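The data blocks that follow each hold one structure.
In the two complexes below, subunit A is the common chain; its partner is subunit B in one and subunit C in the other.
Right after this comes the complex of A and B.
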């Protein structure tokens, strides 16, 4: 019995970080109708930045989150302010296609760039708390996973309240619902897009630092994470923060249970099968396409 | 206050406005009348800046709006209640109103404005926590007007506020427009409900397929032969 409970907890812990990555994807989609194929590769970049700072300066990855989220916010903001906004301005369709191609290209560029610069060797870090476990009965909880989960959860909830309660958050939600009408309220669309995309990429930056203490990074991990994030976003309902949170936890649990019952490879296939089933039977996600 | 001078507007290759001109003085209620597809919505969207002027000019208090982006025009006091209300459906009534006062300079008078809206439309106060998408048509129009009032308009443009509403509700909305005008707001009222509109407007313009055809005071328009034939069926 306890082996199942163990998987459940492991699944939840990793799912929390998946959720944070997916929330970013969902926000960009909800507000800008952009599907960011480079989400996973940007995560990989953030993990390498964290790795580099950790090995160079010995700063704890959990302190690096401030830096990576800020830097990645800046990258997202600038990317939208310069490149994306220009591509978007030429698009008339509400769900822009050339932005999709751009982000897919960016993803490939980033993974190949890392391959060329640092090679294909996977790297990981050993911290003070690597391998530390909290024991509760027969259950072992990995300390770094627990810390990462808690930070991921806090940040996701903070984003939720920011969107619900702040002036900027309301403006972001209004833009997501109808950008022309939001303009008629005096809301500067470009600014909102810059900030929303900045936040989206900041969440990836944060998640990269949160994963590093227990996850091996190499140039090629991006695609897996992009795909997982899509599954989560579709599962939770496009554009919904709470949905993405739930979706992330569900995918984490499915992976761990799939790994326990079958094997990790089959677990990944299980995630894909669920993705297809949701697309077929609940295309608006388990929670429907509701508010952010 | 507002002057539209020979406005030309295109949608792709289609020319929707072929030189519309119109003037509104401070304190007036001006009607903009015309049949379906005449270009009324296009005209006010061009004033709001969500549709771009190809040639001609729009000046607001003497300043050309040509290079002023749409969101900055709201800050100058040019506010519209869009055709079909267009609330943010999955936000509450209250959040819709707060979005209306998103701009920092309007936040200062947020509480007063909320109070004003709730006293004009007591029903909205009861429904403030309800999702805007679940309001009735009349309530949605009240919410849309209130949302616009939250933006502290100097010029308030209403695009067919009577559309699809029951006669009693239409009367109430038109009474409200007069009330709002008395509070000092200048009004551009786009309508197809000609009689009710000319009843409250000081002056009016009639446009057809993107061009001006008539203009004058409400009595002039009401007594005009062509007007009576085309719009009043008399």
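Right after this comes the complex of A and C.
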């Protein structure tokens, strides 16, 4: 019995970080109707930045989160402000294909750029708390996973309240619902897009530092994470923070349980199959709202 | 361009491509051209569903892999000629495209793209984790080596590269002809209409689902044949080579850079970009792996930013303008 409880906890802990990555994707998808195909590759970049800072300066990864999220916010903001906004302006379709192509190119550029620069060897860090466990009965909880989970959860909830309560958050949600009417209400759409995309990439930056203490990073992990985030966004319904949080936890649990009962590969396949099924039967997500 | 001029260009191209192996004796150099033709062929196949019909399929690599695996398994274990095997593989690929399409063509835009990638991953992981598939030993990640059974056309095995060159040249010419035929036929106009406005097309009485399925099956069949050829050419199949996500993106990328929905665009982009991989490897050696993909990614970003319709539509428009001003 305890082995199942152990898997459940492990799944929840990794799922919390998945959720944070996916919330960013979901926000961009909800507000700008664009899919950032390079989400996972930007995560990989953030992990490498964290790795580099940790090995060079010995700063704790949990302190690096401030830096990575700020830097990645800037990258996201600039990318949207200078490049993506111009591509979007030309598009008439509701779901711009050219942004998808552009970010697919960006992803390819980043992952293979890292491959060319640092090679294909995976790297990981050893911190003071690496391998530390908290024992509760038969259950062992990895300390870094727990810390990362808690920070991820706090940040996701903070984003939720920011979107619900703050003036800026309300403006972002209004733009997501109907960009034309939001513009008529005096909301600066360009600024909202910049900030929304900045937040989206900042969450990826944050997650990169959170994953580093217990996750091995190599140039190729981006695609996997991109896809997991897509799955989570589809499960949760685009634009929904709570949905993405639930989706992230669900995917984490499926992975761990699938790995326990079958094998890791089958668990991965299970995630993709569930994804296709949800797309087909509940295209607005398990808790998504109906399209307007 | 006048009709006569077009035939002259066509003649030059035909003479050049047929006599090429006589001019190029270095097998390594010939491999450049084989790669170019293979990717031009694959991008042309993708263009039918992704360009003409505008369905952003990102998992076309799955058909490539199916073609490669079916013909190879039948050749290795049943001693069946790859020529027969590749038709069977194409049939399997078309059938899967049909099943997939029935389910996923209802989805819009990005969701459709995502579902094609999901199916690619499911099949890749399935092959990767299975030692046996349908009773045949496929050995998971290790893959299968194609045994040498002596030079013969029936075995599609040759000592030199010249024969392979002619085979892929024939594939390419036939593929281009199919693409041209679709584009200029009634089907091409229907697909273009679907690409522009699906709802309006449907309301005019066009069977949108049927058209998309037809385009998808043709595209899958062509891609699978390319996979079979590739497996015979490199004499092995494994999931990372023939079922990779990068391969799928690469196929799509040539068409997107050259010009989606044009006949010549994907071909031109493949001719320009496909040799880059071999070229960089020749210059830098294998130590700098992934460098060509860095350039491909960069090229895609630049093209989408500056000329989103692709190279060929842009160039042909500029040529027309120049002619107009010269008169």
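Just so we're on the same page, the second predicted complex is superposed on the first by the 289 of 292 C-alpha atoms of A that agree within 3 Å, B and C clash if a C-alpha of one lies under 4 Å from a C-alpha of the other, contacts with A are read in each partner's own complex, and residues count from 1 in each chain.
As a working rule, contacts are C-beta pairs under 8 Å (C-beta built on N, C-alpha and C of every residue); 3 or more make two chains touch, one makes a residue touch a chain.
In this text, all values refer to a predicted model and were calculated from it rather than measured experimentally.
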* Applying the touch criterion given at the start, work out whether A:188 contacts subunit B, subunit C, both or neither, answering first, second, both or neither. => first
* **Partner chain(s) touched by A:234 [first = subunit B, second = subunit C, both, neither]** => second
* In the three-chain superposition, say which chain, subunit B or subunit C, touches more residues of subunit A. => C
* **Touched partner set for A:131, first subunit B, second subunit C, both or neither** => neither
* Asked: Just subunit B (first), just subunit C (second), both, or neither: which does A:178 touch?
  -> first
* Look at A:170 in the shared chain and tell me whether it touches subunit B only, subunit C only, both, or neither; answer first, second, both or neither. => first
* Asked: Touch check for A:280: first (subunit B), second (subunit C), both, or neither?
  -> second
* In the superposed arrangement, which partner chain does A:269 touch: subunit B (first), subunit C (second), both, or neither? -> second
* Which subunit A residues are contacted by subunit C in one complex and by subunit B in the other? -> none
* Footprint of subunit C on subunit A - complex, ascending -> 29, 35, 83, 86-87, 90, 93-95, 97-98, 100-102, 104-113, 115-116, 120, 219, 223, 227, 230-231, 234, 263, 265-266, 268-269, 272-273, 275-276, 279-280, 283
* Asked: In the complex formed with subunit B, which residues of subunit A make contact?
  -> 167, 170-171, 173-174, 177-178, 180-189, 290-291
* To do: Would you tell me which residues of subunit B are touching subunit A in their complex?
  => 48, 50, 69-72, 74-75, 79-80, 82, 86, 88-91, 95, 98-100, 102-103, 106-107, 147, 151
* Touching subunit A in the complex: which residues of subunit C? -> 54, 56, 58, 103-104, 106-111, 113-115, 117-119, 121-122, 125-126, 128-129, 245-246, 249, 252-253, 256, 288-291, 293-294, 296-301, 304-305, 308
